[in-house]
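As written, the chain order gives the labels A, B and C, with residue 1 at the start of each chain.
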Amino acid sequence: MDPQLQPLMDVLQQVKGYIYPNEIELQWGLLVVVYPYVTGLVAGAFILASLERVFNVREVQPTYRLSLLTALAFLIVAPLPLLAHLGHPGRAFEIFLTPNLNSAMAMFGFIYAWYLMVVLLLEIWFDYRKDLIQWAAGETGLRRFLHRALTLGATDLSERSLSFDRGAGKLITLIGIPSAFLLHGYVGFIFGSVKANPWWSSVLIPIVFLFSAIVSGIALILLLFLFSSLVRGKDVDMACADKLASFLLYALIVDFSLEMLDFIHRLYEAEESIKILSQMISSRLFLSLVVLQVLVGTVLPMLSLFLVSPAFRSRGLLAAPAELRRLVYFSAAVLIQIGIFSTRWNVVIGGQLFSKSLRGLTVYKMELLGIEGFFMSALLLLLPFLILYLLVVLLPPWPDREARVADG
Amino acid sequence: MRQQISRLSIVFGVLLLALVLARHFLIPKSFGKIGHYRAAAVDAIAARKIKYAGHQACASCHEEIVKLHDDRRHRNVACEVCHGPAAAHVEAPTEIRLPAPKQRGYCPLCHGYDPSRPTGFPQIDPVSHNPLKPCITCHNPHAPETPHTPEECSACHGEIARTKAVSHHALLPCTGCHETQKQHKITPQLSRPSKPASRAFCGQCHGVDASSPKEIPRVDLATHGERYVCWQCHYPHFPELK
Amino acid sequence: MESAGEPEAGGLDRRDFLRKSLPVPLTLLALLRAGEPEAEKKAEGDASKPPAYKASEHNYAMGIDTSRCIGCGRCAEACKAENDVPREPFYFRTWIERYVVQTNGETVVSSPNGGIAGFPPVNETGIVRTFFVPKLCNQCANPPCVQVCPVGATFTTQDGVVLVDQEYCIGCRYCIQACPYGARFLHPVTHTAEKCTFCYHRLIKGLVPACVEVCPTQARIFGELKARSSPLTRFMRLHEIQVLKPHLNTEPRVYYANLDGEVR
């Protein structure tokens, strides 16, 4: 036997109950967990950026450009895990050539292209155009060349032209919000529309995906905001951090309620699949779902944010000093990332741990090396931060108004 | 036109053109001819080589044996069930010969006793049935006959026989309840054994005034489940006791 | 032009509706594709395909009488040989399941190596009923796998068989996830999706699928769905027919007789 198939032989030994013979091989592994996690961060970061633009939330203004660049960095990486997991990555372009319009997955090409080209890049371009021209004017060498090239030659700095930029930016943000909803709602739909799989098949999945995306996106920006302030040696703008934390808490509450609704709904309807699903939750998914996703990733950060953030009272329930609040925000945001990653894991891997015969459970053996292995996924999760670093160097997102920072 | 619009139009125009060109040159030629797929794929799949030649192919050379086979119990068992895929042999009859499984392990694949098999299907216990003798010493696989008509019903009704053997009815012969013509052992489907038809039949032993040994459980047929026949509640091959 | 040549279906169901409303975007696609040379000599003049064969005149289906299956596994064996299915026990185009319904209310299902080498002895006490069930791709008339394929690499032919285009499949495995019957797998060598083709290469030569050819008890019956007289029409007339997972509305074209409710 092919030694590559040895892991499958091991899985065969660990199957509990009956699974269809073709189900021994688990088809969507860690890479497919990374994909919805990354697109969730994109959608969440963008929605946060839109808050400032559309709803004029002044406090989060310092994170506006950072959010856009973060969304871009992660969006660039988003298709890579998908590409890497394909049996024939070289044929991926077929999705643009002959998309099957009945297929949810075929829409990926359109939605991704729309979101990248029409929404994100355009919004960044309109927002940065004035700065690009001004930067280029005072620079030399490569930076000057890049900044000039990025203006695409549109160097008009007249007031009319700049107000057009603002108007266009606002319009794109308006289009962008439903687009961001579409981007991640669509990822949820890919799973939610699989009627063969009772763990996935649910109308709530796209909405749960969306709100968990918002949660993860805000948490990520909060982390980056705190981290970048530290690296740049600036004082943290606590008004901004408090506001982010409050939004994070609101989103977390909605997200958790939706997840509980989904859970209770399944439990109450108790369909054919309930037996095997509850077996799966209490055995194979106990650590990643009950402990990591719910307790560590949701309840714990929710409680701590509830206590210290000024979400419901202007000084927070505990009136904690700024330093403590920063610490709590930071740890809550980290826990939330762990929780949301577990959420994606539980959806993607969980949906394949039970047999569609509803008679047995299998296991997922994660590889370490190899294209679908742990290191590949870790690399793909680090890559956006590298891209973000380059973007930040090229397009500094920091607001010039140092005065505001000093206030915090 | 605004400068921004015109510059962006160029970028998007170039991208769109690239997409249209890519579509033009890269979509396979037969795609979409019949439906949303490559029509050429159907031909490619249709062109795959067959491995099983089909039972008609055998008759053209092995006329005698096919004629014999088609007349007997194994008529529905195609040649390639036992001899394996024959297409290569049909193309090169002398170079490529087909195996004939003669070892004892092969026939029990179908005829070994397994309770999951439908009753009436001839099954033997490979351990106790003439141990170590290859099946073909007694049975011709092309014209299978039992060397003598089976004296035991268990030859074909193993699951029932085994169930009954550990039940309270173990000592009752099958023929005590089922009248069986001799012909049933030769053409089982055409001559079916009888089945008891009335409550009175069971009453011969289980009725209150039956003359059977007294340890046999008795019921009053007049009052005991009077709307039903006995086997609607009790399984005669494994009668349940209260 | 996209909907031409699809197999005819009964009333106006969801698929018909979709098919009829789809031409709008599809026409756009067709426009993009216009100007492509239509003639394709190579595919037309394939020698392996008898010129007499007209796909649109056929509509294949399979019947399975579970009460006849003896679990000998010859079908699964023949399938692997006929279609070069990898021999490892994780890849099956067809397989046999054994059901043992026990008196304690539990149902034990097994399919060691797809049933190819037979089944181990079963503990005979405490059995309510026990039987074998052959499984394979259900060749659905409303196939979820075809619906989800992003590129059109799996499709329904005019004669009603769902096939996979090995040269075009990108290996995303969405079809494997979408199949409720576990009938698909990723071929370890070609890295493309695979499944039962009803032995399409045999059908067009007038032969029956390999599993049907070798079934010693005629538990599998193959034929045209709408023929006036055929083993399949007889089978359909004389049995009460069920399909697997009917609530999913996949409209299987593999019809089961004497199917137990425990079978999923």
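As a convention for this text, a residue touches a chain if its C-beta (ideal position, glycine included) is under 8 Å from a C-beta of that chain, and two chains touch if they have at least 3 such contacts.
Small disclaimer: the values here were computed from a predicted structure and weren't measured.
Comparing the centres of all chains, each the average of its CA atoms, the largest separation from chain B belongs to A.
When chain centres are taken as C-alpha averages, the shortest distance to the whole-protein C-alpha average belongs to C.
Inter-chain centre distance (chain B to chain C, centres taken as mean C-alpha positions): 19 Å.
Once the centre of each chain is set as its mean CA position, chain A and chain B turn out to be 53 Å apart. Centre-to-centre, using mean CA coordinates, chain A is 38 Å away from chain C.
Multi-chain contact residues, meaning those touching two or more other chains, occur in chain C at positions 152-153, 168. Chain B has residues 23, 27, 31-32, 36 in contact with two or more other chains. Within chain A, residues 97-98, 100 each touch two or more of the remaining chains. The touching residues of chain C, counted against chain A in their complex, run 18, 22, 25-26, 88-92, 95, 97, 107-111, 113-114, 135, 144, 146-153, 168-174, 176-186, 188, 190-192, 248, 264.
Partner chain C is touched in their complex by these residues of chain A: 1-2, 4-5, 8, 12, 17-25, 27-28, 82, 85-89, 91-92, 94-95, 97-106, 108, 190, 194-197, 351-352, 355-359.
By the touch criterion stated above, chain B contacts chain C in their complex at residues 20, 23-24, 27-52, 54-55, 74, 76-78, 80-81, 84-85, 108-110, 112, 114-118, 121, 162-163. Residues of chain B that touch chain A in their complex: 2-4, 6-8, 10-12, 15, 19, 22-23, 26-27, 31-32, 36. If you check the complex, the residues on chain A that touch chain B are 93, 96-98, 100, 117, 122, 125-126, 129, 152-156, 161, 164-165, 168.
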